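I've put the structures underneath this note.
Two complexes are shown next, each including chain A; its partner changes from chain B in the first to chain C in the second.
Moving on, here comes the complex of A and B:
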């Protein structure tokens, strides 16, 4: 098997392992679904009728970002218990495959939450067009690429519950700007390009630096 | 990593600090290929730190430590099992076997589970295992890829009499075949196998 094919099988095996763990433990996805739905419901009842559509898009992104944070906070929990991350780090596979597998699994969970969140948003607030959906999809890639790296950093520290939001939220600001822009701006394509560029740059950075995060 | 010819491990004044705390002070030693190094010392003397340095989970603050071979040639049992608690015994070995590129990993996993008395519980989640069973599975994981260097940090911990006797036999089989580094509080148990000793103070 070629190097790329081996790398791909490692990534798939690692991501599949996370999906299998979640299917058994069910301690991340249900919490994300419940959180995103209840947040949007609370916003719906908290805001006065006839709230501006542009402002409502901001609320969708608050819900998405904090739902993602909930998933990211749990992302490395299986590796923390029992020291499994050391086991992965010692394996001869490329260490970036560990990050990519985790990012893909987190993306699957976030995608599932968004499959509920976007229709709920359309129901409670305003219709969502294709450009806005593309914005959600592109921003989710960035959230998971950056978030998985930062969550691995936070997982190694004692104050992980505090450190993860402190690291992640500032880096998520461009994603919120791009996501909201894609939803409300007449030049949505520009914001999609911006999100694509963010994804590319930060995915490469995370891919290249993950090894240094999980080793001394 | 490169070592002097014939040596599997060469350590020169190896020191490790965590902040201001010195976890390991200036240790020098060598171990030839197929040698058996017994590491002893009281609690807090740096045994675990030294073993983590050997496998590359930590790097020395000072000194040089060279270990022959790649990551794929290294099997490690630490204080933690390095396993997924919500995967079954077989799924754990299958995952690590894939990552270690073990040929015929399912057959090899099955053979190890049989050898370590875990075949009957292969489909059970690790979270349902006793500490001793988890330790046996950790040993299976460490030996899965047939490593040339085996590093064992207090491997008798949590093992019952049967488990300890099984590990005695495994260590005897490894002796002279693989390079072994083992830390223990019960040096008498493996004294006859050890070719080298390192006492940390």
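Moving on, here comes the complex of A and C:
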């Protein structure tokens, strides 16, 4: 097998391991789904009557970011609790494959939560068009790429539940700008390309630096 | 590393340049026709902001070198540069806020891209300290902090761009701050202030580095004794 095929096999095996764990234990995804729905319900009461659709759209993004944080906080929990990260680092695969596998698994969870959140948002608040959905998809890639690396950093620290949002939120600001812009601005394509650029820059950076975060 | 002896000399030079900068800015440079006395803060606000960028950049450069070639001292150097950068970043926020109050009548303006960018950066680098102090000391902490510092320099242009884009839908009218043409003396005063503040950052970096090294040394000695 060629190098790329081997790498892809590793990544798929790692991502599949996370999905299978979730299917058996179910301790992340149901929490994310319930959280995103309750957040949207809370926002209905937080928004004064007569607020326009643009303001509601910003709240969708807050819901997405915090739901992602909920998932990311638990992203490395299985590895940490079982002490399995050492095993993974020692495994004969490229270490960036661990990051990519984790990002893909997190993306699957976040995607599932958004499959509920976006229709629910359209039902409760305002219609969502195709550009907005593309914005959600592109921003999710960025959230998971950056988030799974930062979650690995936070997992190495003492106050991991507290540290992760502090690390993540400043980096998420450009994603919120891109996502909200794609939803409400008439020239949504600019924002979509900005999100694509963000994904590219930070995915490459995370891919290249992940090794340093996990090795002792 | 240059010798430690030139530090007092550098400190005196910095103090002199800063004094000269103050004199040039307040006495020699003409008063701005549009903004009057409040424009004087320009000579400090902008150089402080530029110095903060330089500090963050140098911090990331040291971090990159650490990941590339290793070396424990680079961790401390990177940390110290980021420390200085955060101080200068916070100063940028304060001086920018004062300027906004003087010229627009509000303490904070989301329309000023520079201020918003520094808010994001200061938040980001404050999280750096939180991260650093909650990971156990060792090779892994050095590398984690280095990776985070590298994310910082990637965040600067991306945020800059994002804030430009955001002002599209947050502020329909773009803020232009194109004042009157800068005169020769104004530009000289600006350059002197810039040089003085950059030098100040460097001197503070050196002092801080010596302090941190001594601290680490002391801890090693204490551990050896017990």
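Quick notes
Definition applied: the second predicted complex is superposed on the first by the 215 of 216 C-alpha atoms of A that agree within 3 Å, B and C clash if a C-alpha of one lies under 4 Å from a C-alpha of the other, contacts with A are read in each partner's own complex, and residues count from 1 in each chain.
One rule holds for everything that comes next: a residue touches a chain if its C-beta (ideal position, glycine included) is under 8 Å from a C-beta of that chain, and two chains touch if they have at least 3 such contacts.
What you are looking at is a predicted structure, and each value in this text was computed from that prediction instead of being measured.
Once the two complexes are laid over each other on the shared chain, residue contacts for A:209 go to chain C alone; chain B is not touched.
In the superposition on chain A, A:190 makes contact with chain C only, while chain B stays out of contact range. Of the two partner chains placed by superposition, only chain B is touched by A:92; chain C is not. Contacts of A:127 after superposition: neither chain B nor chain C is touched. Once the two complexes are overlaid on the shared chain, A:3 sits clear of chain B and of chain C alike. Applying the stated contact rule after C-alpha superposition, one finds that A:50 touches neither chain B nor chain C. Comparing the two interfaces of chain A, the one with chain B and the one with chain C have residues 215-216 in common. Across the interface of their complex, chain A is touched by residues 67, 120-121, 123-124, 126-127, 130-131, 134-136, 139-141, 143-144, 146-148, 150-151, 154-155, 158-159, 161-163, 165-166, 168-169 of chain C. Interface residues of chain A, counted against chain B in their complex, comprise 6, 9-10, 13-14, 17, 20-21, 24-25, 78, 81-84, 86-93, 215-216. Chain A makes touch with chain C in their complex at residues 54, 146, 149, 153-154, 156-159, 162-163, 166-167, 169-171, 173-174, 177-178, 180-181, 184-185, 190-191, 194, 197-198, 201-202, 205, 209, 212-213, 215-216. On the side of chain B, the complex with chain A involves touching residues 55-59, 70-72, 74, 76, 78-87, 91, 95-96, 98-101, 125-126, 141.
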